[in-house]
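Both complexes below contain subunit A, partnered by subunit B and then by subunit C.
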Partner chain A sequence: MNSPIDTSGESALDGSAAAGPFADVFAGDVSAAVVTCGGCRSSAVFAEQHAYLGAPGTVLRCPGCDHVLARLVQTPTEVWLDLSGSSSWRFPL
Partner chain B sequence: MAIFTRGFGGRRDPDAVALPPGQHLTEGFPVLSAGPTQYVEPEDWSFTLTTETDEKQTWSWDDLMNLPSEDVEVDIHCVTRWSKLKSRWRGVPVDAFFEDSESEADYVMAHSYGGYTTNLPLEDLLDGKAWVVHEYDDGPIPAEHGGPVRLLVPHLYFWKSAKWLSGFTMMTGDEPGFWEGFGYHNYGDPWREERYAGD
Partner chain C sequence: MTEAPARTRGKVGGPRPRWFPARLVGLRSETATARTLTFQVPGWPGHLAGQHVDVRLTAADGYSAQRAYSISAPADGEQVSITVQEVGDGEVSPYLEEGMELGDQLEVRGPIGGWFVWSPSSEAPVEQPVLLIGGGSGVVPLMAMVRERARSGSRAPFRLVYSVRSPEQVLYAAELAELSSTDGLVVDLLHTRTAPPDAARPVGRITPEDLATPPGWPASPPPRAYVCGPTAFVELAIPLLLDLGYTNKTIRAERFGPSGG
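Right, the complex of A and B next:
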């Protein structure tokens, strides 16, 4: 398994590195969901977005324009989810 | 020189330091970032102080170098539970940037290249409690650790010490930054374990 902390400092992790905490909230795998960027309108599956973990929360960014697509923070009692930077999430059935 | 070594005869190590609650020591320097590493050349860097009346004062890298810097050795505490002792920095006390300021606002939003923000009460930045640092361990601050210039506020959790610092905006009322509005504590005192909103 990858370390939960990106210590390379060079680049983002694949979106799939952030799939775990999002799956807990969406009650299912999010890797194949198509996320459309609210900044540049480009679309890519979740697994191909850029993830920053323990930063200290989890941040999903558009690989094209670095726009924040989503943030997720887990506290001891709650999960906070911010999808305001993405215009849509499409889940295959 | 310490007379008692760690763990010897059950004696307490006289050099042992108390960490804030819930923290553990690290010898390394983990890189935590909410976005891509920003690569800003010193000649391209600037710092802008914007007052509540939208007056701006800007310092270039050369301006920064002409302000009196001091060496700082401080413990830093990350909300992800690592603490690093005696980290060595060099920089300008934040007080220097307010000497000619006519701002009367009590709150500051620190801004970074790349868009990160974090909010602080002004009083937490003054009186030698915070620095605009430009050296780490006797050299330039590596980009992944926020160079060329970052904020250093060692008495608060390290997310308040914004990397790639680009400016301060003065605010008459407090407003949350990137993490403060989103699950993390507004103030972030490690000694009171103010990690999350509501702590």
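Right, the complex of A and C next:
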């Protein structure tokens, strides 16, 4: 997680790198949430999914099948979140 | 990863990450190309070893850039420390590495990351052994764990395997030497390009022998491994760990992109 974060969009980082922007929307840290892929149905914690930053925005992909799990874009006036590629999010309490 | 992981020990969820103004109150040179910056962050809720912050710089014209940096030290009141390695380009790192002076301000968002974290488990009958594997500046969040172990008085068996290009690039060298001589921490430096004259190990990238379980470790519970470094380094280390019997439930990894190290 130390710099530099690659923003070219060509190389995947861990979901950890995307945890900041998602924390704003989910009102909490989502690193340990288990996300199930809507494509291949495999599950992994958010921190170990693949993240692409600066697309512009943030894209989360399944490390197994590369299916887009979530897309998040923030503008000065709103946040747009698309979770249609993931079948479920399970949060530890 | 096809199985749900076991519940993370510690404060999963934790305080809600948010943006805080931060003022630079400490500077420390670590190597010729790396320095540690300590920020005073009013209202900071604390953090766990291994967590990170997003750092945001905003120019006078409103343009802003942000990057994620691992926190290098355990929670200490409202102070947050990061170690920045010079990388030659990028929008944020050159300023943190060279331009920023004591008293200057920026914004940090955190604490972030409830997964790549370590907390002492003093209540357990036998503390879980921990293998830390760092490539280059990937040692930074691992150093937070090493320092948290020392701060908390944990007796968990800890071994740090730290891969660096040359002796001049070793971060926290004096402190690691001190902790390994007094605190039961095992530190193994792997030099990939240049080794000191008295080094027993030939230069080269990480091998299965470098990760073999130390003889003194308990048979149970199984050790947990934390791996952090450039993507290529992490991808090299994980198969070695799987061959040694680690599983996707006992390995936690953090990659920080193709460069660095």
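To be clear about the criterion, the second predicted complex is superposed on the first by the 84 of 93 C-alpha atoms of A that agree within 3 Å, B and C clash if a C-alpha of one lies under 4 Å from a C-alpha of the other, contacts with A are read in each partner's own complex, and residues count from 1 in each chain.
The rule is simple: a contact is a pair of C-beta atoms (placed from the backbone, for glycine too) under 8 Å apart; a residue touches a chain by one contact, two chains touch by 3 or more.
For clarity, every value in this text was computed on a predicted model and none was experimentally measured.
**Q** Do subunit B and subunit C fit side by side on subunit A in the superposed arrangement, or is it a clash?
**A** Superposition check on subunit A shows subunit B and subunit C fit without a clash.
**Q** Subunit A residues in contact: does subunit B have more, or subunit C?
**A** C
**Q** On the A-aligned overlay, A:Gly64 touches which partner chain: subunit B = first, subunit C = second, or both, or neither?
**A** Only subunit C is touched by A:Gly64; subunit B is not.
**Q** Name the contact category of A:Ala47: first (subunit B only), second (subunit C only), both, or neither.
**A** A:Ala47: touches subunit C, not subunit B.
**Q** Let me test your reading of the model: by the given contact rule, A:Gly28 touches which partner, first (subunit B), second (subunit C), both or neither?
**A** second
**Q** For A:Trp80, select first, second, both or neither according to whether it touches subunit B, subunit C, the two together, or no partner.
**A** first
**Q** Going by the contact rule set out at the top, does A:Ala19 touch subunit B (first), subunit C (second), both, or neither?
**A** Second partner only, subunit C.
**Q** Anyone got the angle at subunit A's C-alpha centre between subunit B and subunit C, nearest 10 degrees?
**A** Result: 110 degrees, to the nearest ten.
**Q** In the superposition described above, what is the shortest C-alpha distance between subunit B and subunit C in Å? Please give a whole number.
**A** Once the two complexes are overlaid, subunit B and subunit C approach no closer than 8 Å between C-alpha atoms.
**Q** Report, in rising order, the residues of subunit A that make contact with subunit B in one complex and with subunit C in the other.
**A** Looking at subunit A, the two contact sets intersect at 5-6, 11-12.
**Q** In the complex of these two chains, what residues of subunit B are touching subunit A?
**A** Listed in rising order, the residues are 28, 30-37, 78-80, 114-115, 142-145, 159, 179, 182-184, 195-198.
**Q** Provide the residue numbers of subunit C that touch subunit A in the complex, in ascending order.
**A** On the subunit C side, the touching residues are 1-5, 7-8, 12-14, 16-18, 52, 54, 66-70, 83-85, 87, 89-90, 92-93, 109-116, 137-138, 140-141, 228, 231, 252-260.
**Q** Subunit B touches which residues of subunit A in the complex?
**A** 5-12, 50, 52, 54-57, 59, 61, 66, 68, 71, 73-78, 80, 82
**Q** Under the stated contact criterion, what part of subunit A meets subunit C in this complex?
**A** That would be residues 1-6, 11-14, 16-17, 19-20, 23-24, 27-29, 31-32, 34, 42-48, 63-64, 90-93 of subunit A.
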